[in-house]
Amino acid sequence: MGIIVSLEEIRHVLKSDMRILVGGFGISGTPLSVLDQVLHTDIENLEIVSNNLGDNGMGLHKVFMEGKIKKAIGSFFTINKEAVVAWSKGELEIELLPQGTLAEAIRCGGAGIGGFYTKTAVGTALTKDKEIREIDGQRYVFEKGIRGDVALIKAAKADKLGNLVYHTTARNFNPVMATAADFVIAEVDEIVDVGELDPEHIVTPHIYVDYIVQSTYIKEGSEYVEVK
Amino acid sequence: MGIIVSLEEIRHVLKSDMRILVGGFGISGTPLSVLDQVLHTDIENLEIVSNNLGDNGMGLHKVFMEGKIKKAIGSFFTINKEAVVAWSKGELEIELLPQGTLAEAIRCGGAGIGGFYTKTAVGTALTKDKEIREIDGQRYVFEKGIRGDVALIKAAKADKLGNLVYHTTARNFNPVMATAADFVIAEVDEIVDVGELDPEHIVTPHIYVDYIVQSTYIKEGSEYVEVK
Amino acid sequence: MKLNKREIIAKRIAQELEEGDVVNLGVGIPTLVSSFLEGKKVYLQSENGLIGMGPPPEENSVDIDLIDAGKTPVSITKGASFFDSADSFGMIRGGHLNVAILGILQIDKSGEIANWAVPNQPILGVGGAMDLVAGAKKVIVASTLFAKDGSSKLVDQLTYESSGERKVDLFVSEYATFMFTSEGVKVVDLYGDLTIEALIEKVGLPLLYEVEIAK
Amino acid sequence: MKLNKREIIAKRIAQELEEGDVVNLGVGIPTLVSSFLEGKKVYLQSENGLIGMGPPPEENSVDIDLIDAGKTPVSITKGASFFDSADSFGMIRGGHLNVAILGILQIDKSGEIANWAVPNQPILGVGGAMDLVAGAKKVIVASTLFAKDGSSKLVDQLTYESSGERKVDLFVSEYATFMFTSEGVKVVDLYGDLTIEALIEKVGLPLLYEVEIAK
């Protein structure tokens, strides 16, 4: 069925002005090879939904530095110094959500839930223009589900159908993002035959995954390095 | 720490008038041994949250037949003929929710989400007195999270800390119910040492589980039989 | 081999499915669809927490925990996976099933269906029906056209309780396949022993039918 | 061995934890708490998807994917498990952590804290702070009492951005431990080199302090 594709083949999926969900927490669980491909395209004005904008010159950090990002929705951009500068110059829009609200909104976006009430951030600057509602004596804020045109995620292993399992805390936002976009590209460390992943252990069922690509990054000591 | 207890020891946890979440879909994934214990107590007026009221004289069916259930919240009681009769005589309250709304409400109850908007059942008799809201052009109905005083669930294996894994479609409502009650009792087929369950494969982390009991039922051919 | 009514419907629906589709089969006629796939590979989802449902197991390999939504033992295929009820209905509501195939009690001329509450009986069971109606990308109704008393299940207005606002995509009966358009109910395919005139007469509703002249 | 300010705070907080507690440690001083548990077993949760966090790994067994919420490599203990971010924050918001230990910029006399937005700087990072404030059964603040400019972090009213309406349970500083009651801020424990009078003077707020006479 051809869901296993080369890195070059994913370029045609990505278009200017798209909203793209990108997995990862810092660099852990980030689709580094896929994000590098964005640099080989002329797309721009991207709206990115991701916890951070990459880190240390890797992942989304590179994409941002190439000027391809118009807006970022996430929970923690303070580590991205250039993003802070760009924001203060008005060159980058930022929408800040508490990390749990971000994760839940993406989950809801993928699960046919239009919106939800969370108690997180009630009474703070982040919710001052949002709808507050009391439910059973507790105050909650309304948040809408979040979806993307494309999700770029990272998993440890895929089988050839697209079933995915993850590695330790590199799981993070990847499973929920896999559910919440029209097209899902999963970068993986290893591709195995169908039947090799235990049905009880699969985290992301294959029906969520459109493309699988082999990662070109490996861990060496305390960093990721690219192998060609 | 003593979270592994005898079946008799769970009796003191259950009290009259409690709202109890009970896992299972039909008989699959039902805590049969734990439910039998309810018959050895004098508690009554229970409010049960469960997809069905057991089946074939097992599980909640027994508890219901002993007159201990005042109200049932779930998605499918038509298979429970006596429940239908009791309802028509006014002896049993029933609150009917679509199965997905039931699952989502319990998940929200466990996850600090006060309520959510689902598109399921909009425009039907089940939502005619409920709040409808349009979000991004689609109509949704508001549903509140559901929690219980106690959850009675069934898993395949527990380690001695209380980490749980499930067996095939016997997983069903059990993992979400484990998150949504003040006290959680897990009936399991097997108890293993801590460290024997792979951290990547654990479905319910031990922090959700208060008591573990060894099941006294085993599968024989196409039915469950009790072994003493 | 001559097919019975139910098989005619199941076979016609099997033609609508595409290789690789993720499909949920309701109880009754929908479960027969698997028999008519002729090698086309689809992935069957069961709302109690399984994708990759296989055929009924051999008697000696029945696991009574491993069941479909009708509580019948099933097998699994290679590449199958299990998940909990919340994730399963997230999958359903979130639009991740290509097709849901459902039985009905009634369907109105707009394609809205009633498939859960039998009139004059207590409404005590809904199951996953409404989630499937609301969530699947495509909903195909599999049903005989007439009820036991001879009345048409295709009606002007529902008199039974609706299963949701969403209009279905196709109604496959043993006589014809119907589509629901802004101009009215369209017969896309006529294959039973009723002429279009007889069908219109028995259903009691105007039906659109374009005869393909250049065939 | 003489403890520095940060260690004094961490050690005092370690006393508050109970065997079996599920605990989330914020960055900074909170991470030091693990060193003072003296054999008490607690389960450390990390909001990026881990329960059962262990000490920093040996240099040759670092896995840079396996990190804590401060993005520092960690190890895991026996019985640990991994889950996704949605499940992790479900755990946090749903009240399944016994204790969250958090740093602050300010805390007001009601126990409301500000710990995410530095004044006069762009507000571009919040992370999981507000989820922990809203969700943990008990919130303990770990912080030095005075900012670098000498001003008290314990204030009449927050001038920094609030982290949520929820009042914390305890504020452990290097001089004293504070509780927030309807009568006012109560010093539950005084252990630094400031007398209660000096403390009140430097903080600039009335503080309740009951001397235990029968000691």
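Every chain is named by a letter (A, B, C and D) in the order it is written, and numbering of its residues begins at 1.
Please note the rule applied: a residue touches a chain if its C-beta (ideal position, glycine included) is under 8 Å from a C-beta of that chain, and two chains touch if they have at least 3 such contacts.
Quick caveat: nothing in here was measured; it's all calculated off a predicted structure.
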| item | value |
| --- | --- |
| Neighbouring chains common to subunit A and subunit D, by label | B |
| Required minimum of steps from subunit B to subunit C, each step between chains that touch | 1 |
| Whole-Å gap between the CA centroids of subunit C and subunit D | 55 |
| Centre-to-centre distance between subunit D and subunit B (centres being mean Cα positions), rounded to whole Å | 35 |
| Chain centre separation in whole Å, for subunit B relative to subunit A (CA means) | 33 |
| Residue list for subunit B, restricted to those that touch at least two other chains | 104, 107, 111-113, 118-120, 166-168, 199-200 |
| Residues of subunit C whose C-beta touches two or more other chains | 76, 82-83, 89-90, 92-93, 134-135 |
| Touch relationships between chains, expressed as pairs | A-B, A-C, A-D, B-C, B-D |
| Complex contact set, residues of subunit C against subunit B | 46-50, 62-67, 71, 73, 76, 82-86, 88-90, 92-93, 117, 122-131, 133-135, 161-165 |
| Residues on subunit D engaged by subunit B in the complex (per definition of touch) | 20, 22, 43, 45, 51-52, 76, 78-83, 89-96, 134-135 |
| Residue ranges of subunit A touching subunit C (in the complex, touch as defined) | 1, 107, 109-113, 159, 161, 163, 179-180, 194-195, 197, 199-200, 202, 205-208 |
| For the subunit A and subunit B complex, residues of the former touching the latter | 104, 108, 111-120, 133, 135-136, 138, 140, 144, 165-168, 198-201 |
| Subunit B - residues contacting subunit C, complex | 25-29, 51, 55, 75-79, 83-84, 87-88, 94, 96-104, 106-107, 118-126, 139, 166-176, 203, 219, 221-224 |
